[in-house]
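Some structures to go through are shown next.
Same chain, two partners: chain A is paired with chain B first, then with chain C.
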Partner chain A sequence: MLTRGTLIYIGQRLVLIVFTVVVVSFGVFAVVHSLPGNAFVSDRVHGQALQILLHEYGLDLPIPLQYWNWVKGIVLHGSLGVSLYIRGLPITPLVLRELSVSAMLGGSALIVTIGLGITFGVLAAVRQNSWVDYLLTSIAVVGYSVPSFVIASLGILIFGQWLNNLTQGALYYPEPWSGTYGSLAELSLPAIALGFYTSGQITRITRAAMLDVIQQDYIRTARAKGLQNRVVVIRHALRNALVPVTSILGPTVISIITGSVVIENIFGIPGLGKEFVESIFQHDYNVTVGVFTIYAILIGFANLAVDLVYTVIDPRIRY
Partner chain B sequence: MANPVLQVQDLSTSFFTGDGEVKAVRNVNFNLFNGETLGLVGESGCGKSVTAMSILGLVQRPGKIVNGKIVFKGQDLVRMPAEELREIRGRDIAMIFQDPLSSLNPVLRVGFQIDEAMKAHDKVPADQIAQRGVDLLKEVRVPDAARRIKDYPHQFSGGMRQRAMIAMGLSNRPEILIADEPTTALDVTVQAQILELLRDLNQEMGTSIILITHNLGVVAGLCKRVIVMYAGEIVEEGPVDQIFESPQHPYTWSLLRSIPRIDADRRERLKSIEGLPPDLIALPPGCEFSPRCPFRIEKCFTQDPELETVGPAQRAACWVTMKRAYAEMGAADITDTRPGAASGIRPPKGIEARVADRRELNAPPLPTPASDE
Partner chain C sequence: MATAMPTPATIDYAGGTLAREQVSLWRDGIRRLRRNKLALGAAIYLGFLALVCLVSIFWTPYKPNVIGTCETYQLPSAAHPLGCDDLGRDSLSRLMVGSQVSLSVGLATAIIVLGVGVVVGLIAGYFRGAADAIVSLGINIFYGVPPLLVAVALYVLLGSGLINIIIAISATVWMDMARLARGQALSIREREFIEAARAGGARWGKILFGHILPNALGPIIVQATFVIPVAILTAAFLSFLGFGVPPPKADWGGMANEGLPSLQGGFDPYILLFPALALSITLLAFNFFGDGLRDAFDPRQKR
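Up next, the complex of A and B:
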């Protein structure tokens, strides 16, 4: 499967990712540094003292030069720089830890998305125009019509307030963070709230793709062979229907990443998304740019992964 | 030829659409005998494929078998539980489809798709499946079979795909093979190879074959007996030589006449059958072919003829060629002028001119298209 052509393709895509990440990070670097105010506003330092602080952190240099220094830090020391809010704290370990928390949430949301979306889509298609179809399609429509923060708030209301003895208050992460990734109970509601929107879309596309594929001649061939219905649906129909589903996995991952910013703030999950929002308010430039850059890298690799998944699902696609 | 391996009795299959009941197959009766090659011919939409799909229980909603029996080994396939029918499908009765481009799953390897047919049933021992897959591909003359079996369908040519389809159909050594337009999408040389392959199978393995096609040349090349369908009904059946020699139903005659001939006068236009097959939701009263029939008489518009014997093992459903109809019309004045008068049966062949005269005398005017009410 990993032919020479595929390797060359991956190489080209990696170059493209590097290019994209440079452009994105420079863009956000320039924007963040142009925000009114500075990192030390809350310290109420002025005049000479401020100049000394700015100089100490290299913030008095022209922006392209600052960017260059920031890139040098990453390349030479693998460091995203230091925090300006908690002055001098190296942010790399912090960000990586938050990334792991977010990855946990995002991964769970992706499982919810794909699991629910594909299951619902297949069931709705197989039982087209029955009550099962109408019910699942309706859930999907609700899924992609209602914003995730509404779902999240409703979830907190229902499970956190009305059914509190069910969750034992496990909906909120302890502050400060205890270092655990949260139990299944802690993770499930945020993950569902985050994955609900995208699962609605996956349901819709899976259903449409399945209905199309079921009409194909090769499904009739599979039935004529005397295969069991389950085998026909899963092995023959779903496998083909996954091709269009895969094509929206890229946007799905992006939805989950951007959605996680909202969800983490609602549930108080100490992940990248929460840090991202806080760092903007705190003028903690390095954190903002660092998190943004990580997002750019994640999205770049997610899209590459999707394109490679294509080749696994459909042998006709080769690079 | 004594015992039928498959008996189709009074089969009617309809599709229940928003516009009404589409009667795709109506009261079809036929037997398939052991080791026989039976052709099923007719225009598109005449019910050939639906008949085949009904046999295998593959008619999907909104289609439904509304009446009839399909008897295989003493069991009625129509009333059989789904799971039992699934076990017969692909095992005892296999089907290969037209358009090998779309009939193979594009994301699964050819070998996998062949092996899968064997794994679904218990006829081939599990440890022999892989080897048999390769052997089958060799048998259907796919070159370099051991290597090609790992290919995906898109790496196969059209002819090879059809061969792979046939290999799949034969994998469980079925007693009956239904081939639905197996050569339609292929060029002529490949067509000939595929037909030869089917012929060998029939002769060497004794597989009974139902060949569905609109290509009469293909029928002539492979089949011993032929059934002609029109608008969901059988209009004529009999031995191939006999039907080609003296077709008794005007539809069969028209079909044969419309085959382009290489020795025909170049200035002559291609002959076609005027008009279109009837709307299967609102069938015309009387004979379904009457609106297009050049030989029709008044009776054709009011009464639907049934299959009657018109020659040795040959039956047709047509008032014009039926002894009984002539008798009713006062056969005396017609018998003298008919070719084949000795048998009392009048083949439509060569009667065009005389019928034209009669049309002026007896036949009602060409019907206006059914008015929308």
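Up next, the complex of A and C:
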């Protein structure tokens, strides 16, 4: 499995990830620190007092030096710095907790997206040109045309209000979340709203790939052997149809991360995306840069993981 | 010897023409596009939307930004077909004006991406070497960050004008176009007619834009039509999060954002539903039209 070539490939990709993370974090660092105003604007401190505050947080230094100090903090202490809004609060534990919340939401959305997309795609392909096919492909097109906040709002309207009134509170969707992580019921609606958008793309690609594979000779052979239709479709056809589907998993993950920023803000979910938007409004630079950096690392590893999954699904691919 | 060889288009067999008349790529594509009912319907809707957008510049049923033209949270009625929002502004008027932001962001982003993405991609693909390495690295870096967050950061850096929003969004969607143009240039530069052009002493500018670009135009235009819905969607996300055109100017994402509390409160879902519906139908139309365009002009390419 892990040949020398694969290891070298992984090494090259890790170098690219590190490079990307450094460039992105420095870029964002430079951008947020050159913005007019600062985290202390709302405190109305001026003159000497402001200078002392800026000096205390190292904000009076030149930007490259500030960035160097920030990197040193990460490498030496594993610390992303302190919050400027809630002064002196260490960011790292906060951001890590929010990352786990976002990861749970994103992971659930990924399961929804892959589950829905592949099921719909296979069903549409097996029943090509029937009403099932037309219905499922229409749902797919609607899926990637309707913004996630629209799906989320409809969900709130239907489950949070209509069904609530109809069942006199028995079926009630509570928001915002009661705890940090939310129950399975609370998680379901945001996860579906988030996953529905990308499931459309996966339906489309699965359907096309399945149609391609189903016409091939070895499928006819499998049927001629007398295998059950279900076995032929799932074990013989789907396995090969999954190769092109894997290729869009990377963009899918990015799309889910992007969407989660919006979804978390609608449902009041205490995750990274909500923190990002708040930190921008609060001029809490260190949090903004920290969240950005974590996202860049996440996407780098997600893409690497997808490329490695490729080799498992299609043994012909070698790096 | 002197008899001219008949061209394939004019061979007559037993009185009937077998080969069809020769048509240009463009005529052929337009014919295929017109046969596609979904794409045609989408085109008609988009034409209607463009008309609404033009009309809204000069006329709306009520003044879109005047507070208190009617009662706050008024439900749809004869006088106000789409009801009124939380500040008592007529929703229909605001919906009409909102189309200006969506359409101009979509089209302007597509034009910027066409310009920047194509030039950068062609140069990378044609010259290869250092130019390609730099461009490819740039593409990889931009693929490594969530586009919405980059747009937010640029929005905050540049300020809240419409042009800044367009620039911020363009910066997050140029990569696909650059990658496409690069791939096209890489493959077309090896063809014989490019060699002939080079042997004939053509400069690189002439080769890039006179010989390579026209041959890559089909997929590039198709890609550009897919940039439009993505740009509109990103703009809607931005203004839904509060990073839109400055108030009181109406745009669909911002209107949906303003309507969220009254939907969550359970007393007036329409403030959110109508802009959400307009946005969804518009995105659907652009996607259908783009699909039709791809099938018509780029039949070999399958997604």
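One rule holds in what follows: the second predicted complex is superposed on the first by the 303 of 319 C-alpha atoms of A that agree within 3 Å, B and C clash if a C-alpha of one lies under 4 Å from a C-alpha of the other, contacts with A are read in each partner's own complex, and residues count from 1 in each chain.
Throughout what follows, a residue touches a chain if its C-beta (ideal position, glycine included) is under 8 Å from a C-beta of that chain, and two chains touch if they have at least 3 such contacts.
Just so it is clear, the model here is predicted, and its values are computed rather than measured.
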_Looking at the superposed three-chain arrangement on chain A, would you call chain B and chain C a clash or a fit?_
fit
_With both complexes superposed on chain A, which partner does A:Ile257 reach: first (chain B), second (chain C), both or neither?_
second
*Give one of first, second, both or neither to describe whether A:Asp314 is in contact with chain B, with chain C, with both, or with none.*
first
*When the two structures are overlaid on chain A, which partner does A:Asn265 contact: first (chain B), second (chain C), both, or neither?*
second
*Which partner does A:Ile91 reach: the first (chain B), the second (chain C), both, or neither?*
neither
*If you stack the two complexes on chain A, which partner ends up touching A:Leu16: first (chain B), second (chain C), both, or neither?*
second
_In the superposed model, which partner reaches more residues of chain A, chain B or chain C?_
C
*Which holds for A:Gly226: it touches chain B only (first), chain C only (second), both, or neither?*
first
*Return first, second, both or neither, reflecting whether A:Phe276 touches chain B, chain C, both chains, or no partner chain.*
second
*Taking the superposition as given, does A:Leu157 touch the first partner, chain B, the second, chain C, both, or neither?*
second
_Using only CA atoms and the superposition described at the top, report the least gap between chain B and chain C in Å._
8
*Where on chain A does chain C make contact in their complex?*
16-17, 20-21, 23-24, 28, 31-32, 34-35, 141-142, 144-147, 149-150, 153, 156-157, 160-161, 175, 204-205, 208, 254, 257-258, 261-262, 265-266, 276-277, 280-281, 288, 291-292, 295-296, 299-300, 303
_Of chain C, residues touching chain A in the complex_ = 140-141, 143-149, 152-154, 156-157, 229, 233, 236-237, 240-242, 256, 260, 263-264, 266, 269, 272-273, 276, 279-280, 283-284, 287-288, 302-303
*Of all residues in chain B, which touch chain A in the complex?*
56, 58, 86-91, 94-95, 97, 99, 102-109, 116-117, 120-121, 152, 154, 165, 168
*Touching residues (chain side chain A, partner chain B) in the complex*: 216-218, 220-228, 231, 235-236, 239-240, 243, 313-316
